[in-house]
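Here it is, the structure in full.
For reference, chains read A, B, C, D, E and F in written order, and residue numbers begin at 1 within each chain.
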């Protein structure tokens, strides 16, 4: 009964991509640890780029510097 | 000074229900472990059904199959 | 399919008390939100008193001041 | 490569304040543990006051009693 | 710069299996969301079976009933 | 009433360093957001290097390559 939490920045992730992450993590846990998919939970958190910091600055600031 | 995090799917949970969860968990920790309510924190996260996976699929997909 | 994480200080919590917390939280979610117990997960983290801070000091320091 | 998660109530925190938290935590980890800023992640979660409990009540209820 | 937390029960997981989980999750995030592996963090928590509850009982109790 | 979780690798962090982290984070939240120290919680998790992954490998493997 694994519980997996995936935190990513909130940058236009589609429902299909979320589905692919959930499917992929669940399969991985079955393959590596023989965990039954029925009781594997996956929770995806999309975090605003103002609320995620790396290198002491927000990802919003980083994206502006990258011209994105 | 316990910290409790409750993650549930975001499916029309009312303010009254949240209050009941917070009250109930705080009382439980006082009853079982003698923890003072004043320093018990409870944080409820409501997770979009597209972002919660079980059995390798999203809860959105599960609800569609259940006709909900 | 709720997921609940309870963080408490590591101060001689017994297996019976852990069982009571798990049972109590699971019942609470069934009573308040009609969540089926079979898919409610509860994870208890016991945190060393050196690793838990409140009021800017560790709980270890707090307990020493309290004569515990 | 530290990972820091800061949970605060969602009460009009500005982008400048978030930046100050990210900068401050990253510097602290460099000063105390010599952790390189480039691989320090900070995630800030702003939690609705209906979803945060303390003393068995929601922060929304607490704020109303405080006349805020 | 994703952050992934995998919680599993503490039941003799080997270093090789942990490596396979870390490798697999990192590849998945690169494949699905184009996230650079260098800044993907994965943290595995192994939780004692007394501290994990499902269906209102501890996994320790569940394992005893399963004759494990 | 902020809650802060700091995850670092388990590499000989002293009680004095933990105290400095707790003190520093608590002061930061008071300075930036005017949060009262008495209700700021900080929890430090020390994660085994086998259980922390970055760049698709464990920190244990990374440290071996670095000759540490």
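Here is the rule we use: a residue touches a chain if its C-beta (ideal position, glycine included) is under 8 Å from a C-beta of that chain, and two chains touch if they have at least 3 such contacts.
From a predicted model like this one, the values you see are computed outputs, not experimental measurements.
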Chain pair with the higher count of C-beta pairs in contact (C-F, D-E): C-F
From chain F, the most remote chain by mean C-alpha position: B
Length of the line joining the C-alpha centres of chain C and chain D, rounded to whole Å: 21
Centroid distance [mean C-alpha coordinates] between chain F and chain B, Å: 26
Residues of chain C engaged with two or more neighbouring chains: 1, 3, 7, 21, 25, 39, 41, 43, 52, 54
Interchain contacts (touch definition) - all pairs: A-B, A-C, A-D, A-E, B-C, B-D, B-F, C-E, C-F, D-E, D-F, E-F
Residue ranges of chain D in contact with chain E within the complex: 1, 3, 39, 41, 43
Contact footprint of chain C on chain B as seen in their complex: 1-9, 13, 17, 20-21, 24-25, 28-29, 31-33, 35, 39, 52, 54, 59
Residues of chain C touching chain E in the complex: 15, 18-19, 21-23, 25-27, 37-46
Contact footprint of chain C on chain E as seen in their complex: 7, 47, 50-58, 60-61
